[in-house]
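Next come two complexes, and both contain chain A; in the first it sits with chain B, in the second with chain C.
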Partner chain A sequence: MSATETAYRNRKSEKAIRVWTVVILLFIYLPMVAVFIASFSKLRFFMFPVKAWSLDWYASVFNSIEIRDYLGTSLLIAGVVTVVSVVLAIAGALAFARYEWKGRSLYQKLILLPIFFPQAVLGLAILLWSSALDLSPGWQLAVFAHLVWIIPIVTLVISIQVYGFDPSVEEAAYDLGASRWQVFTEVTLPILWPGIFSGALFAFLLSWGNFPLSTFTTGAEQTVPVWLYAKMVAGYSPQVPALGSLTTLLAGLVLFGGYWLGRRKAKK
Partner chain B sequence: MNMPSKSYSVTDSSPERLPENRGSALNIRVRNTLLWFRQPGALLSLPALLIFVAGFIGPLGLVVIYSLMPERSFAFNQLPTLENFVTIFQEGYYISYAWSVWLALVSTLILIVICWPVAYGLSRIFRRSMILTLLLVLPLFVSENVRLFGWVLTLLNHGILDGTTRTLFGWELPDMLYNAPVTVLGMVYVYLPFMLFPMSLGISMVPDACREAAFDMGATRWQVFKEVELPLAMPGIMIGCLLSFVLVLGSISEAKILGGQSIIMISHDIETAFTYAQNWPLGSALSTLLILLTAVLVIGLLSRLNLDNLLSRK
Partner chain C sequence: MTESILELQNVEKYFGDFVAVERINLEVKKGEFFTIVGPSGSGKTTMIRMLVGMDKPSRGDILMSGERVNDVPANRRPTCMVFQSLALFPHKTVGENIEFPLKLRGETKNNRKTRAIQLLEQLHLTEAYYAKKVSECSGGEKQRVALARALAFDPEILFFDEPLSALDYRLRKTLEKELKDIQRQTGKTFVYITHSLEEAMVMSDRISIMRDGRIVQIGTPDEIYNKPANSFVAQFMGEVNQFNVTRQDDARFLDTDTQDTYVGPPDADLQSGVLIVRPERIQILAEGEAADTEIAGTVQNQYVLGSRVQYEVKVTKRSLLVETMIGDAWNVGESVRLGWNSDQAFLLAR
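Right, the complex of A and B next:
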C-alpha cells in the first residue's frame, strides 16, 4: 500500500470518526433537550410539538418552599462531601502515586473497589449498617455514603496529577531549609492544584447529581434527585422537567465555569 | 528485658525507641506494625482506608452476615442458616439474576462497539479538545433519573419522536416504551461514560511509533487494529467493560423508569426485600450473591493490572 493511499484511508476513517462522535453527542443530549422543551410547555402532560409555552412551572419551582429545602439539602451534602473528600483524597493520592511504601499496590486496588460496585446495593448496605449501629438516616448518613464512593474517584483524579509530579522539587525545598509544612503548602499543593481543582469539581457534581446512594440514606431529608424520582414514579408534577432542567443547567455552569476559571488561572 | 532498639529498615532517623523483646514473636510483630506506620505513604493512606473499611467493608460484611440469619429476623446474633439461599432458588429469584446478567452482557457489548470510535477519536484525533471531553462528562453529573425521564419524553406517544413524525409525515410510531430493548437503551445511555473514558485511556497507551511501524511493514488497517491497537489498549478496555458490566448488573432506575417494570432487575428484588417485605436476611442473601459475583470479576481483573503504568503516562 502506498503512502498516499494510507493517508487517504486515514482521512476517510477520521471523517467517519468525527461523524460518529457527533451522532453520540446527539444521542447524549437528545433526552436532555427533551426535558428542556417539556419544562416550557404549558400543558400539564407533555405533547410534542408544543402548542402553548409558559414559564409557570419555573415560577412554581422558585416559589415552592419545599423545593427550596431540597435544594438546600443537596447543596449542603455536596458542599461537605467536596471539602472532606478533597482533603482525604490529597492524602490518599500522595499515598497512591507519590510515595513508595509496603502495601501500596494492595492499597491502590482496595481503594478503587467502591467504584466497581453497584451504588444502589451499596446504599442499602450502608442503610443496614447504620441501623445496626443505631444511627438514623439523614443528610449526615448521605454525606458518609457519598464519601465512600466519591473519595476513590477524587483520589484517582488527583493521583493522575501526582504521577506527573517531580519529587526532586520537594527535596530542593527541604535543602533550602523549608519546613515540612512550608514544603507542603508552598511546593506540593500549588503543583497539584489543577488536579485538586478538577477533583473538587468532580466531588461536588457527582454528589449533586447522585440518586442511588441518596435515596436509601437521606431518610426524610430528601435531595433534589430523590424528590424528582418520587414525583416521576407517583404523583407526576410538571415541576419535574423545570427542576430537572435547572439542576442540569447548574451542573453545566459549574463544569464549564470551573474549566474556564482553571484555564484563566493556568494562563496567569 | 527492655533493650534499646537497633536500626530500622524503614527509617532510622526517628528519635523514638520502641520496646524490644528478643525472642517474642508478638513483640516483633508489634514492632513491625509500628515500623509500617512510619512510612509516609502508609500514614497518608489511613484516612481514605478508614472510610473504605467503615463504609464499604463493614456494610458489605454485615450484609453477608445477615444473609445467614433466619428469615425475617432483624438481629444478627442467631444461629447461621442457609435457608435464604434455598429460598432464592425455590422462589424464582434466579430469574431476575439471569435477566440482570443478560442485560449487563448485552449492554456491555453494545457499549464496546459504539464507544470505540469515539474513544479512538478522543485520544488520537481530538487530542486537545477539552470542550468535547467536557460535553462527554457532563451527563455524569446530571442525575440519571432526569436523563432517563428525558428518554420517556422523547419516546412517549406524542413525545418528541412520535410528535415529529406525526406532524412531518403523518406517521404514527408504535409504542416504544416499557419493554426490554428500551431498558437496554437506557442502560447503554447511562453507563456510556464508564466505558468511554477508560477505553480512551487504554487507546492513548498505544504508542504512535508502534502503529506507524506496523503500517510501514505493510499491515492493513484491520491488522493494525487487531494485532497492535486492541492488545495494547486492552487494560483500558477491560476496565471499561468491567465497570459497565458491574454497574448495569446492579442498576435499578433504567428498568423502572424506561422499562416500566417489564423486566425485574436483581436490585429491584433486593430493594423490595429490604423495604416493603421487611425481610432483611433475604435481601442480604440476594445482595451476597451479587457481591460474590462482582468480587470475583473485579478482583480477577484488578489483580492483573498495573495501575502505575495505566495512570502515569503523560
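Right, the complex of A and C next:
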C-alpha cells in the first residue's frame, strides 16, 4: 500500500470514528437533554415537544424552603462522605498498592466487593441492621451506607496513583533526615495528590447523585434524588425536571471545575 | 594511620533461612573512597541497606566513628545515600530537591538557596537549573542533582547504590571521574556499591569484593588486579586465560587438560590449582624474542576493542586470548609464537 493510500484510508477511518463518537455521545446525553428542555415547559405535565416556555418552575424550586432543605441534606451527606472516604481510602490505597503484607491479595478482593453489591439490597440491609441496633435512620445512616459503597471506589482510584509511585522516594526522604510524618506530608501526600483529588471528586459526585442507598437510610431527612423519585412515582410536580437539571448541572460544575483546578495546579 | 569511620564486626543478615550476608568484617577509613563490588545476589544491596539504617543486622555490630549504630534508624544517622533510582522528588523543583535536607533542619530560605546554588555550581550545573523541574533534566543532570541533594545533607559518610548503572557508557565514564573529583574536593568518605569492577577500579581507594554473601578480598585496585585472591576475583575484571595445572617441579606446571607445561609464578607454593594469565600479559613474540613459557599457535579471530586488539589464537587443543595495542597487525590464519614470563601469571586455588 502506498503512503498516500494509507493517508487516505486514515482520513476516512478518522472521519468514521468521529461520526461514531458523536452518535454515542448523543445516545448518552439525549435523554438528559430532553429533561433539561422539559424543565422550561410551561405545562404542568411532562410533555414533548414543548409548546410554551417558562422559567416558572425554576423560580418555584428556588423559592421552596422544602427543596432547600433537601439540597442542604444532600450537600451535607456528600461533604462528609467525601472527607471520610478520602481519608480512609488513602490508607486503604497504600495497603492496596504500596505495602507487602500477609493477606494483601485477599484484602484486594474483599475491598472491591461492595462496589458490585446491588445497592438497593445493601441499603435495605443497612436499614435492617440499624433497626436491629436501635439506630434511627437519618443523614448519619445515609453517610454510613454511602461510605460502604464509595470507599472501595475511592480506594481504587487512589491506588492507581500509588502504583505509579517509586517507594524509594519515601526512603530517600527518610534517609535525608525526615520523620515518618514529614515523609508523609512532604513526599507521599503531594505525590498522591492528583489521585486523591480525583478520588474526592468521585466521592462527592457518587454520593450527590445516589438514590438506592439514600432511599432506605435517610429516613425523614430526604436527599434531592430521593425527593425526585418520590415526586415522580406519586404526586408529580413540574419542579422535578427543573431540580433534576439543576442537580445535574451542579455535578457537571463540580466535575469540570475540579478538572480545571487540577490542571491549573499542575501547570504552576 | 587515619581513623576508621565505619567498622563492621561479624555482621550477618538472615531472611528466614536464607543467609544474605555472612561474617562481614571490614573497616572504612575517614576520607576514603571505598567500593563494594559483587555480582547480583552477592549480598551487596543487603549490605548497603544495613549501612544506611534501612535494615538491621541479624548479628554483629556496625560502628560509626566507634559508636554502635545497629539500632539507629536511617533518619537519625549522619549518613545518606544516592539511590539506584536516584529517588528525586518528582513534585519538587531541582532547587527544592537539593534544599530538602536543609529545610528539614530549619534553615532559612535564603541560606538554603545560597547553598543549593553553590552545590549546583560545584557539580557543573548553572543557576538556571534551580527553578527547573526534575522531569526536565537529562539522566546525567539528574545524577548531579541527586548528588547535590546528598551533599546538602552534609553526611559523614555518603553511600551510593549503583547510581550510574542506568547511564550510557560515555556518560558513565565522565561521571565516574567527576565523582572521584568531588570526593577529593570534599574530603568526605564515600562508600560505593556496584557490580562493575571496572567502575570500582576507576574511582576507589580500596575495593571489597563480595560473592555469595561473603567478602572474598579487600584491597587497593592495584592489589585486586595484580594479586587476586582467587580465580573468581581474577575473572571478575574481564576475560582471562585459565589453565588447570599441577606442579611438576619447582618452577614448572603441567596442564592437566593438554599436557603442556608452563613456567609458573616463582612465589607460588600451591601443589595444584588454576594458572591464570591475563590476555594483555601474553605477548606475540617476534623473531628472536624469548619468554619463560612459549606456545605456538594460529590466529583464529581478531576483535578490535578500540585502542587494543584482541586475538583468539588456536594452540594445541584449546584457544587463548591475547591483547595487543592496535597497530600490531596479525592476520587471521597466520602462525604465531605466544609467550609470557613467569611473573605475569598467577597460580590460584581452585
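Keep this in mind: the second predicted complex is superposed on the first by the 250 of 268 C-alpha atoms of A that agree within 3 Å, B and C clash if a C-alpha of one lies under 4 Å from a C-alpha of the other, contacts with A are read in each partner's own complex, and residues count from 1 in each chain.
The working rule: contacts are C-beta pairs under 8 Å (C-beta built on N, C-alpha and C of every residue); 3 or more make two chains touch, one makes a residue touch a chain.
Just so you know, these numbers come straight off a predicted model, no measurement behind them.
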Inset, instruction - With everything superposed onto chain A, say whether chain B and chain C fit together or clash. - result: fit
Legend entry - chain B versus chain C as contact partner of A:196, first or second or both or neither: neither
Inset, instruction - In the overlay, answer first, second, both or neither for which of chain B and chain C A:141 touches. - result: neither
Inset, instruction - Report for A:77: first if it touches chain B alone, second if chain C alone, otherwise both or neither. - result: neither
Legend entry - Of chain C and chain B, partner touching more chain A residues: B
Inset, instruction - Classify the contacts of A:166 with the two partner chains as first (chain B alone), second (chain C alone), both, or neither. - result: second
Inset, instruction - For A:182, decide between first (touching chain B), second (touching chain C), both and neither. - result: second
Inset, instruction - Answer with first, second, both or neither: which of chain B and chain C does A:174 touch in the superposed model? - result: second
Inset, instruction - Applying the touch criterion given at the start, work out whether A:242 contacts chain B, chain C, both or neither, answering first, second, both or neither. - result: neither
Inset, instruction - Quote the smallest CA-to-CA distance from chain B to chain C in the superposed model, rounded to whole Å. - result: 7
Legend entry - Residue numbers on chain C that touch chain A, as the complex places them: 52-54, 73-76, 80-81, 83-85, 87-91, 100-101, 104-105, 149-150, 153
Inset, instruction - Sort out for me which residues of chain A touch chain C in the complex. - result: 166, 168-169, 171-179, 182, 186-187, 190-191, 193
Inset, instruction - Enumerate the contact residues on chain A facing chain B in the complex. - result: 1, 6, 9, 13-14, 16-18, 20-21, 24-25, 27-28, 30-35, 37-38, 46-49, 88-89, 91-92, 94-105, 107-122, 124-129, 132, 144-145, 147-148, 151-152, 155-156, 159-160, 163-164, 205-206, 208-212, 224-225, 228-229, 232-233, 240-241, 244, 247-248, 251-252, 254-256, 259
Legend entry - In the complex, chain B residues that touch chain A: 10, 36, 39-49, 51-52, 55-56, 58-60, 62-63, 66, 76, 114, 117-118, 120-121, 125-126, 130, 132, 134-151, 153-154, 156, 158-160, 162-164, 167, 189, 192, 215, 218, 220-221, 242-243, 246-247, 249-253, 256-257, 267, 270-271, 274, 280, 283-284, 287, 290-291, 294, 298, 302-303, 307-308, 311-312, 314
